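Across the two complexes that follow, subunit A remains constant while its partner is subunit B and subsequently subunit C.
Presenting the complex of A and B:
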């Protein structure tokens, strides 16, 4: 266990290193990405651009620039080229919004997917199964920017059922926090509910014919106990992996569409805006922030996996 | 319950499954009784319906495409029509089952002690700690060394023999009146098989439970059975006491089974006798007697109508289903008693001692 965690931490350092280099290089070869020109504002003179270039160190070789930038990432001195705001402040401000979105949505999609997956598996082949399967496919097929916009227009703007955009910190007012997040949670969850419930349904159908499920029935357990303790428990194991990975991706900026549609101003939205403006420092920081969470969540998933299935050993 | 009253009565049990290839008649008119404390062995080839019969008694074959007919009484409860709630109370507590493959029949991600405790708690109001103590005690009784430690093991941490002992402990945990053991030792090697069977027999005798032992291994049967039912293609073709089946077998199929046991006390044939051919597909069985295509002694009558159940003269509970007359059977067997097997079709000639004896 200890060795496993140490190995994962070493792996994480490697991943972050590789990813930061890749990001940095990409923004150096993109045409029109000269930061000096952007910093200089509209119609600058050649001299102004040169001055900025020297001042910010853009005249140095790329590897020197990389090392300098990375230093700033870790000291928290990284400054956006566009807004000149400190990047870590911006991320710290956005992160709670993204976490609120990700955690709530992850719980929501898992809960609904388990209920739906189990129910459709038990009713496999019957009307309820077919109906819900069709519904799940519709859910998978609806892009967030579309269903999100619809929800925002009807539920938020037209009928005024939910607040249209905005964010209230959890610490300020938990009820308002949840109330403001219900629409984003739902919009983000729909796709995942569809995918997860389909996977769970087929896992359950596989498991339900296993010999130990027959044993569980022969013991005199109720069908409910058989389903929850034996079938569901074993069917959920593969889903947990997926859950962790998707959660990591959403935290790492994967929910940018949802964040943008509902104007949550989360990390993903910040990343999208920065990319559009070819603003390297925030992009670099967010990419590393995302990669960090993906790796951490991955490690946690593996540990959870080993507890759920004792046959798996962590090495 | 008096010993005269059977604990389990199965009459004309039919189980069929609707499949893509048509209706598969897995069990076709099976009738037997199980007396209290009796060990009944159900023997037959793979796919003869013995496991389906066993599992049907506990409602484990119930599914959307399964059809049942006949009746199976446990005491006053009819099992085929029993509600889920009724079955739940019977399963594990009254009638318990030992499954064949312990590697897949135990939940891979649950500790074995927990799996036993779960069954106890399904039927009795006991605390977790009490159930756990019972589980440890049971594991000790089935001969698992260091049970107090092994109770927390996962199935994959145990050997096949140990796992099978866990299965037996599980089945015994609520002191059932009937145990159904479906090939309990098939997956094990012979020495372990013998040990486990011995322990099983002792425990069952102590508890006074009745046993239905489903097996294809006649060697296992001789050790523990009181009575034998021989099944072929969904029907019981012969049933009787252990000695009746072994020393006075009536049905040509039984002769075939007995003839294919390797024996040390007789001249060794060149090849171990086998029953030629394969059992018929249960979706498309021959008319009349199911054994006819493989039977060297068949005649006109066999193709027309399925043989009726007949009582062997002079034996109250020895039944068989064959059109051959008793005299003819005796004649056929007297050529060389006990070794008669089904050879090539219409080849009644018997192996008269092989080389080296």
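Presenting the complex of A and C:
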């Protein structure tokens, strides 16, 4: 077990290193244009371009630029081209919003998916099952930015049921925090509810005929106990893994569309806005941190999974 | 051991036949035909597949609609024009900037956008873009996955290590973030690899980005399958006959991947179309003024207060095509995946 954890963590560090190189290449090697010229704005003089090139280090070889950039990323000296604000300050300021969105949505989609999945499995083949399965499919097919925009227009603007935009920190007022986030949570959850409930439904249907379930019934447990303590517990394992991975992906950048549509000013929206302005440093940092977060969460999930289920091969 | 799938099929075939038509002719029924028969019986899946085909056909007919019914093209703006509906003259775009809503007649059937362009025409042309990019990206992604998965699974060892690491690397990036990062990087100066030169505005760029980002999702399962297939007796037999690696890959391994690919493809097209919409929505996909469902939704969301139809119309079209593909893809999976049959029987 110890060796497995150590190997997994070493592998993680290697992947993180590869991610940093890949991200750097995306912005500094692929673009077929001169970054200094981009930075200088419209109609710069030759001298201005030269000065910018020297100032940002674009005249150095690529690997020197890489090391310099990484230094800046980790010391927090990375500065946005456009706003000249330090990138890490902006990210730290936006991070609570992204986490609020991700945590709330994750709880919401898990709760609804478990309820829906279990219910449709128990009612498999009947009208309720078909109807809810159809709803789940529609949920899967709806792009979050579209349904989010419609929600904020109808529920927020037109009918004024929920506040449109705005974010209240959890520490200030938990009720207002949740009230302001309910629309983004719902929009982000829809897709995951659809996916998870369908997986859970088929998992439950797979286990419900297993021998140990029959035994549980035979020894006189109530149907409720059989379902919740025997069937559900086993059907949940794959979903919990997925949950960890998806949570990582949402924090690492998956919430970007939701944040943009609801104007939550989270990390993802910061990335999207920087992209629109061709402001490379924030995008570089966010993509890198996003991928870092995903990799770290994946590693944790792997280790937890291996601890929980001794049958997992430790490689 | 290696007989597993064979015995599984042997037990599955007679049952499938008894259940579906009561025929007794067991020998000679290929798994493909069983799957197709199962798919044919799934009316819901077929109906949704047809829905998608209808949307494709409508988009293909876009030029006819534009020239014969709407009398405009997707780029022409009618900011200062007036049209007559039921004898009443109306501005296409009111002086206040509010565009006309759906007229449900030839011109501006679904209304106009803020620039006075015909939404119905743009919707169909945008569909051409979205569908082309989606299907193109799914094809590219499939091709890349086949190459990567087969090479990694077949040669194992070092080749496998390199390919798997690259796939893991792509996999660890949040997809949308990687998409917009690549989209921005490529749009800056286009793409130049040897003789291949693409303009920053090219429609191929979003397809390539989507293909790259989605490769791991198909390549990893394919690799696993190839790893199992290469140990099978028929591969051994082919090798004993003197077949080289290339030949084994093409005539022994590839045909056995086909059913997996058929199952993946509709779902891949769906995710690619959704991905294109997301990228274009964020401004890293199709560039305006070129219409695509994503750019139209982005446009509509910006002006949703003046005219909600601007956002609703392209979104509904997008949802309908994704729904069609997803339900159809589900049906295909149920038809080809023996586990799905078990599931149906139990329920």
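Operating definition for what follows: the second predicted complex is superposed on the first by the 291 of 315 C-alpha atoms of A that agree within 3 Å, B and C clash if a C-alpha of one lies under 4 Å from a C-alpha of the other, contacts with A are read in each partner's own complex, and residues count from 1 in each chain.
Here is the rule we use: a contact is a pair of C-beta atoms (placed from the backbone, for glycine too) under 8 Å apart; a residue touches a chain by one contact, two chains touch by 3 or more.
Only a predicted model underlies this, so the values are computations on that prediction, with no experimental measurement involved.
Asks: By residue count, is subunit A touched more by subunit B or by subunit C?
Replies: C
Asks: Counting only touches as set out at the top, which of subunit B and subunit C does A:157 meet: first, second, both, neither?
Replies: second
Asks: Just subunit B (first), just subunit C (second), both, or neither: which does A:62 touch?
Replies: neither
Asks: I'd like to know which partner A:85 touches here: subunit B for first, subunit C for second, both or neither.
Replies: Neither partner.
Asks: Between subunit B and subunit C, whom does A:22 touch in the aligned arrangement: first, second, both, or neither?
Replies: second
Asks: Does the superposition put A:234 against subunit B (first), subunit C (second), both, or neither?
Replies: Only subunit B is touched by A:234; subunit C is not.
Asks: Just to be sure I read the superposition right, which of the two partners does A:128 touch: subunit B = first, subunit C = second, or both, or neither?
Replies: After superposition on chain A, A:128 lies in contact with neither partner.
Asks: Mind sorting out which residues of subunit A both subunit B and subunit C touch, each in its own complex?
Replies: No residue sits in both footprints.
Asks: Which part of subunit B faces subunit A closely enough to touch in the complex?
Replies: Residues 55, 58, 60, 84, 88-93, 96-97, 99, 101, 104-110, 118-119, 122-123, 154, 156, 170, 174.
Asks: Using the touch rule from the top, collect the residues of subunit C that touch subunit A in their complex.
Replies: 165, 168-169, 172-178, 180-186, 188-192, 270, 274, 277-278, 281-284, 297, 300-301, 304-305, 308, 311-312, 315, 318-319, 322-323, 326-327, 330, 343, 346-347
Asks: Show which residues of subunit A lie in contact with subunit C when the two form their complex.
Replies: Within the complex, subunit A touches subunit C at residues 15, 18-19, 22-23, 26-27, 30-33, 38, 124-125, 129, 137-138, 140-143, 145-147, 149-150, 153, 157, 202, 205-206, 208-209, 249, 252-254, 256-257, 260-261, 268, 271-272, 275-276, 278, 283, 286-287, 290-291, 294-295, 298.
Asks: Along subunit A, where are the residues that touch subunit B in the complex?
Replies: Counting only subunit A, the residues touching subunit B are 210-212, 214-223, 225, 229-230, 233-234, 237, 308-311.
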